[in-house]
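Think of it as A, B, C, D, E, F, G and H in the order they're written, each chain with its own count starting at 1.
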């Protein structure tokens, strides 16, 4: 009888236990990114840009080079890094407050310039780190600490669909929205991110992967309820699937 | 024999001669805005927000209340003014450097919030005031002082079509692109801006009018050549016409 | 047919010539004099064909043109 | 049919139970003990039906599950 | 008098509420109170912490370095804060979530607040059980006032929750009043 | 020696180039030169201005308050800068674009630089006509050097433009050398 | 309740003070340790009939406040250190345009993202903000009553001088709850004072403007001179400080502001018990800094101890006031370190024996 | 040409210095009076094989420079006053992360949009930037040679100490053309020095990070202390100034930087002609400010005249150095006013008779 380990923590993760809450989508996405970096053999040629948000701690967990960026500015930090090291795999990893609120100008101009980068966008419909405030992605009617009566179209407008918006730009080559609620969706998410990385490595250009991600802490839900909330509610407004793919 | 003045300078203009260059589109748009404010009888209830750009001097010419705004921030300054004076006619007037470059986040969030405002966007495909540098709207191949070899897709991406982009937002009610090259187009432009103002006055919501506008000085063209350049070249990439109209 | 004439404000006119191009009656031309800003301002030809259509004034960026409609007191 | 088992890292597991929901063989359950972070971690049932499909490990956000495939040396 | 308290546990256990509750009682009784939370980067399940100073004089420095009382809700809190306990510190531990006691010395009160709350069918009142225990151990409050303040704090929720909270307080108080339980 | 010059006109007339040209000659002749443009908000047709100091000592303050020479290209420039002329200032005016002379006093050179350039079929060299006039009036340069520097500055354009520029310089120089023309 | 005291958090006190002062426009972006301000404003402001906007960035916050103020409203924004850095251009514009508003900085550790612990390391940026020659009034509360009172007063001050006023607090004051008795019966003195400069529509008059751009030769220089006169007036009228313990003729003076000042009060007691008499000089307005008062107080003592939660910022103003560096002893804790009263006392003891 | 001198504009000198120093990444946004820098960079940088990006805002500029520096490149951005205000957060992050870079501020009149005339009114913001306890090195050129030399040196300084270095110029120095002889044969000393901290891919090692966030208790405080040690080292090694005219034992000292210093040199000549002997103290590093040298120089004179193109900013540092306010006389022109040498002399004469 022989034993073979068929699934284990990837080398591109450190041993540090994720500091994220139970059931937090950041953990899952951190993990699949690390697995992909392993699979692509890029650990020694990857430079990641962490956001300001719960994932600011990403550099505690990823065992490859990572830099901080001021809140919202990760895409332009990544742009400069990529221009300095065009042969490296460079990606930014950003929450929805970071990317869709304060960082709106940065992501748009980066997309429009068509930088050869991969952007991983974690949409959990609120500001996790600061305690669950409303984000531009917060659903209509969703109660948060700054929309205690629920997000209201008249005051706050509609939730922004970053993927659909960025897909309009001619320089944007690949956009897909995924989720990480069960094994099947995690596998799809990983495939999408892999495509985003490969696009960069083969010079195709700007790729954007949006991940619908649970924030059980601020949604005040247990992880299984949070998962169900994504499957049943959030992905109704933000449909998962391929949005743009140009060779 | 009786004489009747059938066209004269509107009351909403001061006597000061426009400081803009000969054939500059800003002059034309300033004029038709002032005519409209007269026609709507709103001179005493209008508050305009000037940009940083050649039109920073708008307040020298408009005889109604006007404020400066930091470069790119006019839409949020206008938002606050409108929220404080919901019964007034409030508009921002911005160049393409101001609105589409440094002010990208501000215009998008304002549009997405669906503020009940009118935005007049002067697209002259370059930074007029500072000496004709490349703007996000600069055409492919266009030579400017910071793209001496012509705008290049690989380095700078495609020219951004602000109107088409903003029209994607559900909260945006009216978007039209116009030009001011001859009397017929000036009349159309005036109609579009009027609609934008009326939309605001009757509470329809966010309206955005893009004006293709000549910058003879930085294009290094005589005014008639600049006019022809808009008709023959610029409006090919930026087609004039109605883009969105929702009641 | 309406009759008209225009007044060009020599100080405001910058000589861009958009009105010259616009006028269906060729009633405006590039002038020969410069104003104190150094611009060669436009001049009304006054050939009697102006019909106060206002197109020149509409296209004039600098609000330099005033259009006057002349009505005969008694129609013939 | 493949055979397998899993190892749950009690320190890493936060008891979110995504693996419990995922496992087609009901081989994982909510445990009865807490770890030093106060989380009630998941437990492998070891009912013999685990086939090393790795679905639990794939869905586990916290990289707490290692999956081991057991191959019989000689096939029957 | 001056009483410095540190309360530590995890998010969701009512750590901050316990601190505020004690502060309210003190305030009601005419004392000064200064309550300070730690506001960490991690949310639910992450560490939760507050400090409280009660004094009849002005409170200048609201930061508690060496507490007179340390209340810990679980093992991680104990691991993190045991070091803060000085020789004179009373340590109150929610023994329901303590795996391994680390506090040396005599001044210690172990109370299974979680189990007591569980018996009341409302695990969320474990913090009030600890409040009762604290009141019994330190005797700086009038228990009547504790009840009045509780009602005030619960506000509209008092109708539904007052009884369980009151019971929790009493159970905690009773438990801590039995000298035998104190180690 | 120190020579302070103000040159004023409108965008497109070559005001700044004239200043730079004189600075280059000075530099070539081993003097110090400090050239400073005004960089206004308005472009073509708007006012254009630069100042230039030439000295054989170090130039500390590059701002010219009272010029030794004032060169004006048009009426607006004259309107704006006539006030800067002191009793000792030589005023060189491009009379082609002057409607109404405002400068009182004797030290004045009116030269129809526009017309002269027009006759050379190249209105753009009016500024070089003025350079020639300046050289003749002030005699601080060796005219040979003026030609050499011109060639250098024109660079690749020298092939096409050198002749006209040289002619413009000469015409200006000749005009200003006729004593009768100076008022 | 037997006392009129109420347990209130510093951040909440700021919200209530603003509303009581007639603030009806708030725009803010989340950042720890001041999140309770936008969170509370999100429901309290609508209750009072005002506008709450969760701005999408601090740039948007400050420029919305610019607009609301230009339109004549009492307006406020709040943030913490990195967010305040992002507002520097906007603050300079407001100063140039002479627009009143209240800005709150609940400071945290820096530089960069730093941490979220209480800090006083933005003193420099608060008293010397932005580009250009300008000042804003900066008030430094040291307890929760003052978080309320100074915020309340700030709105009148801002309107009186057409100037932005900053409340410089820190994470400790923002997060601290104290039981305090707030005087909420005060009415803001200038709430209904006319603002003829505000943009309300050119009704019966010519259009008017709010501008900081002054391109005519000499115009900006004159504007700066006018601003400077205003600043001199503010220096004369509004400079505030607290001087404590001087009745006992102390040999030593402590100079500290905000949280460090309250801790220093504890230190004074400890020192008194140890037989060392100290006084406390607490600047309340950091700009205008109470140079004269400090100079006078310093004359009476042998040494001035300067305590800050940073590596030495206010100490420069203390040195300018005292004029004799040999008298000054500085102790600071950067990066979110909060000193204890005992620790400060040990420092004093080490220097006086 | 008979001299090796070349007529070059201040803004252009900065571009050439950066390229000669091995700068291969430039991001910038247009703003007067420094537009020649991005304009020239747009073709010169590609010629040298580097990256030119016209950033879409100053926030983008500074954060691109952050990224390029983190990746190990020599990087620069340039702007003028309002744009520099927008960079305050980014500068603080760079200081926190200890990233080298060169920043140029070609100052104009403020506050707000102000005007585009030369000014020195951002001294405060240059020497006390951003939020948090940090410093950047600030160099103040006073002629076109120095625009080149200081920019060139700035890159080595930045790398040597892992710190942002600012060139504080103004519209006059940016726009001025002088004929100067540049020494372009120098090689940047540290261009090829290893940067083991830079992110170049974790080749043969663990992943490493660039961060300013330090949440562990005490970690940020320690980081601040470490930074402070570095700052002390810089103070010791890099403080620079020019002292002129002291050989004649002047009775008066002029203290001025940048443009005001060069004009003051003219004033010295005028004064000498009038029989008033003056010396000049010109700080070259504004941070670290040459306090000691100024203190020594000031001891030898009766009065110190401080001249600035603002309403009094550097004068605070002069007062800190001199320690005796009665010795100091300040004259400043705000809002883009440029004093003449004669004007400054009149001021001196008014004070000395």
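Assume a residue touches a chain if its C-beta (ideal position, glycine included) is under 8 Å from a C-beta of that chain, and two chains touch if they have at least 3 such contacts.
Since the model is a prediction, treat every value here as computed from it, not as a measurement.
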Other chains in touch with both chain B and chain D: A
B-C or B-H, whichever has more C-beta pairs in contact: B-C
Geometric centre distance via CA averages, chain G-chain F, whole Å: 56
Distance from the mean Cα position of chain H to that of chain D, given in whole angstrom: 61
Chain B-chain G separation of Cα centroids, rounded to whole Å: 40
Interface hub residues of chain D, defined as touching at least two other chains: 14, 39
Per-residue overlap in chain H, given as positions that touch at least 2 other chains: 32, 53, 56-57, 82, 89, 93, 97, 112-113, 116, 211-213, 215
Contacts with 2+ other chains: residues of chain E: 41, 45
Residue numbers on chain H that touch chain A, as the complex places them: 25, 27, 51, 53, 55-57, 59-60, 63-68, 70-73, 75, 89-90, 93, 97, 199-204, 206-213
Residues on chain B engaged by chain A in the complex (per definition of touch): 101-105, 108-109, 112-114, 136, 153-158, 160, 164-165, 168-171
Residues on chain D engaged by chain E in the complex (per definition of touch): 14, 34, 36-39
Chain A partner contacts - residues on chain D that touch it in the complex: 4, 11-12, 14-18, 21-22, 39, 52, 54-59, 61-63, 65-73
Chain D contact footprint on chain A (complex, rising order): 1-9, 13, 17-18, 20-28, 31, 180, 182-183, 186-187, 216, 223-224, 227
